[in-house]
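Take a look at the structures below.
Look for chain A in each of the two complexes below; its partner is chain B in the first and chain C in the second.
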Partner chain A sequence: MGWLTLLVFSPIVGIVLLLLVPSTQAKLQKRIAVICSILPLIMSIIVYQQFHSGADLSIRVPWISFGQYPFSFFVEYELGVSGFSLVLLLLTAVLMIVSMVTATMQIKKGWKQYALLTLLLEIGILGVFASQNLILFFIFFELTLVPMFLLIGKWGGMEKERAAYSYLLYNGIGSAILLIVIIVLFANVGSTNYEAIANASLSTELSMGLLISLLIAFGVKLPIVPLHTWMVRVHVQAPPALVMIHAGVLLKIGAYGLMQFGIGFFPASFQDIAPVVAILGLVNLLYGACIAFVQKELRSLFAYSSISHMGIVLLGIAAMNEAGLQGAMFQTISHGLIAALVFFLIGVVKEKTETTYITRLGGLSRTMPLTAGVLLAVGLASLGLPGMSGFVSEFMTFLGIFESMPVIAAIGTIGIILTAAYILRAVMDITFGKEVLAQQGIADLQGKEWIPVSIMLGLILLIGVFPTSLTHSIQTSVEAIVLRIGG
Partner chain B sequence: MTQIAWIIPFFPLMTFLLCFIFQKREWHHLCSRVGIMTTGLALIGSITVLIGQMIFGNSEAVISWLSIGDTVFSIGYIVNPLNALMLVIVSLVSFLVHIYSKGYMAGEERLGTFYAYLGFFTFAMLALVLSPNLLQLYMFWELVGLGSFLLIGFYFHKAEARAAAKKAFLMTRVGDVGLLIGMILVFWQVGSLEFSAIFQAVSGGDMDSGMVTLVALLIFIGAVGKSGQFPLHSWLPDAMEGPTPVSALIHAATMVAAGVYLVATLFPLFEASDTAMLVVAITGAFTAIFAACIAIVQTDIKRVLAYSTVSQLGYMMLALGSAGYVAGVFHLTTHAFFKALLFLAAGSVIHAAHTQLIGEMGGLWKRMKGTGWLFLIGTLAIAGMPLFSGFFSKEEVLLAVWKEEHYVLFTLGLITAFLTAFYMFRLFFLVFMSKKIIPYKRRKKIFESPRVMILPMVVLALLAVGAGYIHTGWFGPFLGEWLASGNEYITLHPHEGAGWLMAVTTLLTFLGIWMAYLMYQKEKLDRNYLSEAFPGVYEAVLNGFFVDVLYQRTVVFATKCLGIVGTWVERYVIQGILHFIEDITILVTKLASKLQNGQVQTYGAMVGVGLVVLLLIGLMQGRFF
Partner chain C sequence: MDMETLLAYDWGIMAPEFTIVIIATLLSLLDLFLPHSFHRKWLSVFAGVGILVAFVFTLSQLGQEADMILYDTYRLDLFATSFKLLLLIGAGLVLGLSASYHRKREQGEFYYLLLTALLGAMMMASSADLITLFVGLELLSISSYILAGIDKQSLKSNESAMKYVINGGMATAITLFGFSYLYGLTGSTQLTTISEILPSLIRTPAQGLLIMAFIMTFVGLAFKISTVPFHMWTPDVYEGAPIPVTAFLSVVSKAAGFIILLRVFLTLFGTLEGLRLNETFMQSMALWIGVLAALTMILGNILALRQHNMKRLFAYSSVAHAGYLLVPVVALSTLTLENIWFYLLVYMFMTVGGLAIIYVLYEKHGTLDLEMFSGLYKRSPALAILMTIFILSLAGIPGTAGFIGKLNIILGALSTDPAPIVLVSIMIAATVLSYVFYFGILVQIYFRSNPFQVTIKVPIVMKTTLWICAIAIIGLGILPNLALDFYHHYVDLINVTEMLWMRG
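The block that comes next holds the complex of A and B.
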């Protein structure tokens, strides 16, 4: 069956084991869930090693066939990885563990269902990144939708139902558009294999139409302003442990899709609309930052911060050169880690102080010095401090976009200042601000809470100080895409 | 011997790691020791490298850090006269400040954190100085900014300290963006960020002159931010909220000089553009006199020194912009020593008097003679008293400007020299000499600082006196020759000392001191005469010409407005459109559901209509089903 299949479906082990344990034994369930979430990581590390030792990981098995000659269609079960999807798989596996650990501390009710749904969600995400066939991709893509809807709707905050429906509606529309694109491609190419589509010659108008549809479909996911309102709502309402996954990897499907399909399938058309994408990126970057600057609540602040950071991804993609694309991919991973850590901390703070309003959190560095310190560190990573992952991606992205569109790039650099402004405002008001936290004896980061913190902060520093540890994987993907743009 | 250069920054990094991990109270005595020891090692390493450079010449080594396609960005180290000199300045001042802090910060609750931050800053600053390319320089440029940010905000329970830290970070970041853009443009022109490659491209004419000017100006914006030049200067006086040893290290001797260092390092690039050079010179001269004016009326001992730093940095820029490479670097060196000395002495005063306001001091000479003498030496050095280091370097600066025939700027420089002597001695007389009696109770509590604080100042005082002799018209321009020897792109302009210039500057210095003496010591001149005659002007100068108010009312206000407008757009426009779509959907579904009312007749009618329509379409297409 191959390592990839084992990887994608490895969360099933956890699902089965959890189903066997009665719901009364919460402690055992938690232990099973956490241990089983390590399994995908082990598998993805094996895949990582196999990939870098040059082994062929792709699998191709006949799966569905319908119609009669001469109109027979075959859909194959195809898995494979590129450098970029490989690191996304790793990111998913890592964030799933830390999210699961976080959930054991923060999810109080219905733990069993929560764990089951999260593991199901993981299958979906892993499948999305490992697919080499659009139909298969779509199935996995839809598989992420349902668990997520249930998770938000059941474990969310005050307006959880609204957030869940908002999520379903937007992503449903996105999926519908994606499905249309897939059907049209299937009808025209006769296959949904990535390579076959990439090599097919489609008319210019058709490619342009399909590309714009893809931009909308994945623009919902990324999200691109003005398709972002659902995402802010989810960030605010969903439980922080889930937002770690959501902001960390689910949104990244948008970036992955734009690069893998948008540029991968329609390089020439993408070249034509690159300025539009760049302007969208600019809007994301500056609009998100400006709104983040006046937010009073932490989760919505970092939701807008995510929008702003995704602007960098768009700018990098729009640059259409090695530096820009590598920057966009790097930013995808880097922001995944940073956003996950931010929402972990927000979860911890919310747990202990029962508020996420900036003005009510003043003086955190007195009551929770370690939390405050980590928050400052991740804030600095977020504003692109050298030595942390954010800087490398920002540098590469701006390097790329300055070559192709210097004016847009120059305007974009304002975003660097704005980011620093809103991050410092938030972080300093919280950690160093006027002391308003009345409760004494609030426990600081302790015990198990250090696991997620040290993993994510460690990775942020690792790829910030030694960027080659990440770029030597994604470089192959970058080269493949650049080759297509050039050819 | 120069091959060990790359190790030097890692010593202070060890302080950072160790003190950060062991920051509990019981480890405090170890923290200061570790800090002093590692910076001591860094100092030994730096001196070794300096000597090695003098004997064996330059060296460079890089390793790959990041690759994009075929382009490799590297990190590593380079040793040339300029950065070997900087290396020694940074590690020496840092070493002395570490020792001094042991006394000054004694009893501080977060001493471990303090030493950790100091170590981090020193690490970043040393690595910045060793950078062989723009990217590495930029990275550590940002990291020293972080160190500065953390240390300014060290007393974070004070709202002023928090605001100052944030302001310092943001204002320098504005400059950094300029540097970033400049760097990226250089890359696309040259294809590399290594200094040597950039200089080759510039001297080989691979960059057209407009581009050279643009790039140089963008990079200069970065230097303006870091070195507190007008209009990005106002963070530096506010940065005085940090502990005084920090002001001495970061905001006097090292980090703020990084902007000057950047221009000096990229001197061949700047020299290739007359426009850029002129901008540098004008900015420097204007900042010098602008800040000196403000320094005259400040009432806080540290703010006087801060504005003085801004003004002296302006001098350095003026020198560099007037092709006075050696003069700029020379003044940087002497300034590092005497300004660090002044800050540490001021710290000693604050330590004893428990106040920073000049008005609450006076007559301290009797209580703290040692500090008084040291402060006097520093004051004489900065005022340009003959035989002190500042005299030689300032004269070198003015000479460079004169030779470049910038007569207006030269006049500004001369006036600044006079103002400097005046405001520094105003400070000296008011703090140490003034007869104003401090209430007996408070005066009794004032004691000389401990030896651990005095000793570092003594070392700096010796240098403040002696550092001038490395480059004089009398004994020989050793510094100039050495700096030019290690850099093929620097042409040394022979600067024979002009005797008349020496006479004029000396005269101005004495005039400044004399006026300060009359006004603040003898009180023969009414010190309030001008401020009472022109209250508006006085108010403006006291508030730094309202630059901050202007920023607050424009930039900060605009950002907030944009944010609020954005939220408004978010709430009404985007949500409004969504509601509209929602309403339409609901309307359509309602219409559709009305059709399904359960009446068979309606359904039958629908079927009939549908069939007719389909048939019509079929007929028109000419096909049948």
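The block that comes next holds the complex of A and C.
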């Protein structure tokens, strides 16, 4: 079976146990869901150990065969990890626990179904990062679609169904384009194994066409402006516990896909369109930051902030050198943690004050000093304060992009200033703004709420202070890609 | 024909057909002579046994050498056997769907009409002659016309039968007209002989007539598989006919349409030299069929968007699926037959499953409106999850057999020639479009609430049918090689070129 299979399908344990518990026993259900969500983390830590001790984790089992000899097409069930996907697997497992704990506090109705769908979603996300075969990747990728649709549409805010549909259609179109790319590759290469495709020689025109299609397909997911409207809607409408996963790891599939497939399969063509990617990144960075600056509502502010931060990922990828790629991967992980923590805090604030409008949250530092404090901390991490994870990723990305495209890098630095401006405006308004919140009766962070906060803040600081804890893993992926660009 | 020649034929070839004939005759006699107190729903058991026996006979014929009887008009080859299995599975599922709600105790004709229609379809699969083929087609059609109007007291059912007869009659006439051209050009109705003479007509003045014959036959057959331009009858007939008949029309009848299409077109035009150099006749015509396929997929899915009546929605969905199934016919490759076979198999399970749940809810609420699904998850979680499986498979979401079917079709289309990429893109775009109405059903099931909190009881036969469909869809979605290996193992002799058995 192999550890990876066990890891990917470990959420099934939770699903089965939850199905066995009668729906009246809410407390037991919550306990089971949280405990079972720890299982994938244990498995991914084992995988991490194995990977770093040099064990071969990959599995390859024949699965589907289409057609007959000599015109047959084989699809194998193939799992494997690289340094980068390993870290993403860990991130998924961690954020899942955190999100599940959050959900026990914030999801009131239909808890069992919520937990079942989230666990199903987790299988999809873990599978995406662990597959080594495009068809398998696609199946897991689409496996996230249905649970997300139902989760947004059932547990979301006022316009939940509209958000669910816009999620479905944008991502449906994205995956449709991805499917065409996959099948064209399948028909041309005769296999959908990552390595086989990377080693195949395709004509320049075909590679370019496929690469552009990939850019659109993953551009929807990342998202790249102007394909971002669905993502803002989902951030605003979906329950915060779900947005933690969505912003934390689900969107990161876009970044992962661009690096693993975009550069991995078509390094030469990617070199040709790198300036375009860089400009797209710049647009993301500046557009996201500018729009974030004028938002009055916390969730949409941080949605645009996510767009802006994904611009940095694009810049890092476009740099096409070691520092840039390292920065992009770093930013992917770091932003995953930051976004999850931000949306956890927004969830807490929304629960207790019943608003997320910045102007109505003035004086939060008086009523909920701890929440406001953590919000300030994560805001600082987000704008790249040294000692936090955001700094390392931005530093490395810009190091990379200055080396290959100095002009774009120079313009990009404006984005960093803008980030500081909109984050500080929001945080200052909330903490030190005009006091509008009633002082009494609002409880601050307490009890169980400290679990998510301490895990995520701890990791943000850990990565910020000891970046090697992360580079140690992703270095192999970076080197592999750099080798392909160079060769 | 004297007795000796008759006895010399290997009649074992027709064992499945004989079984069906015998059971159908037996059922009609039983229906005639049994007292009124005997509930006619028990006839379904006989019909079921008949289908099962025919299925076993057909299975035993797998791997046999191809053989022809009756002056080369009736042919048993792997093509015929593999598709007959599909027809029998489809008919068995329809029977499982119909048996549960049989209220009029004295009406038993449904069962033997179902069997005669099935017989017609099976004859079409085996025919090697235009006349045999046409007789099969008519047997299927006429039985289906009566089936559509079997609910004698219902105005809608009568209207449906009437529309079906008129439209169907027209389409049959056009098909026959096309056949008459083929006969006129070659002087034979035997497919082998026709295919031997046709090459001599290319690049002669008769070529124009050949194109006419092709178009006429295709357009006529488009009726059976309900593709543009002959799709208009589908929603009306599906809506009026009783649900088991709707299921029969969209599953068995459609499969039969594809069988005849493949049989005639691949044998006659598959390797025939085309209008331009270095292409086959099918390739010369591919553009036109491609346009029809694209229109079918787009129109089917767009019109389905606006439907609230579940039967009409399934009708348009069935039109759209016919479009997907035409893609392999346009982009002929070594995978074509496997594509169509597998997709039809999957399509049977998901359509019968979906219609079965609609049937259960219709019996409960007496309405066919989309809102019949509202709050289904609260009322019956099991039905809700089953319906979710069928819907996701119809929408082609990975993890279900519907996805593997589509993947197989797309792969087949692009495997030899990159040109069908446009058609494939349209197919994928149409699939995404279809998400809107398929997920609309999920919205009703999970997000809406229903004021009537009644529990739903499902009859045991229906329950079994539903679970068979669901398990098949998930099973084939995760391990598609359960069916594909079976196909590869037995049917490895036929691919598009070898299908052209007549040409030596």
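In this text, the second predicted complex is superposed on the first by the 486 of 487 C-alpha atoms of A that agree within 3 Å, B and C clash if a C-alpha of one lies under 4 Å from a C-alpha of the other, contacts with A are read in each partner's own complex, and residues count from 1 in each chain.
Throughout what follows, a contact is a pair of C-beta atoms (placed from the backbone, for glycine too) under 8 Å apart; a residue touches a chain by one contact, two chains touch by 3 or more.
All values derive from a computational prediction rather than experimental measurement.
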Tell me which of chain B and chain C touches more residues of chain A. B
Partner chain(s) touched by A:Ala176 [first = chain B, second = chain C, both, neither]: second
Applying the document's definition of touch, where does A:Val61 land relative to chain B and chain C: first, second, both, or neither? neither
Now for A:Val16: first (chain B), second (chain C), both, or neither, which partner does it touch? neither
Contacts of A:Phe432 with chain B and chain C, given as first, second, both or neither: first
Same chain A residues contacting chain B and chain C, which ones? none
Enumerate the contact residues on chain C facing chain A in the complex. 333-335, 338, 392, 397-399, 403-404, 407-408, 410-412, 414-415, 418, 421, 424-425, 428-429, 431-432, 435-436, 439, 442-443, 446-447, 480-481, 484-485, 488, 492, 495
Listed in rising order, the residues of chain A that touch chain C in the complex are 63-68, 71, 73, 135, 138-143, 145-146, 149-150, 153-154, 161, 165, 168-169, 172-173, 176, 179-180, 183-184, 186-187
Taking the complex as given, what residues does chain B use to touch chain A? 64-69, 71, 135, 138-140, 142-143, 146, 153, 156-157, 159, 162, 165-166, 169-170, 173-174, 176-177, 180-181, 184-185, 187-188, 559-560, 562-567, 570, 574-575, 577-578
Listed in rising order, the residues of chain A that touch chain B in the complex are 226, 229, 287, 290-294, 322-323, 326, 365, 380, 385-387, 391-392, 395-396, 398-399, 402-403, 409-410, 413-414, 416-418, 420-421, 424-425, 428, 431-434, 467-468, 471, 475, 478-479, 482
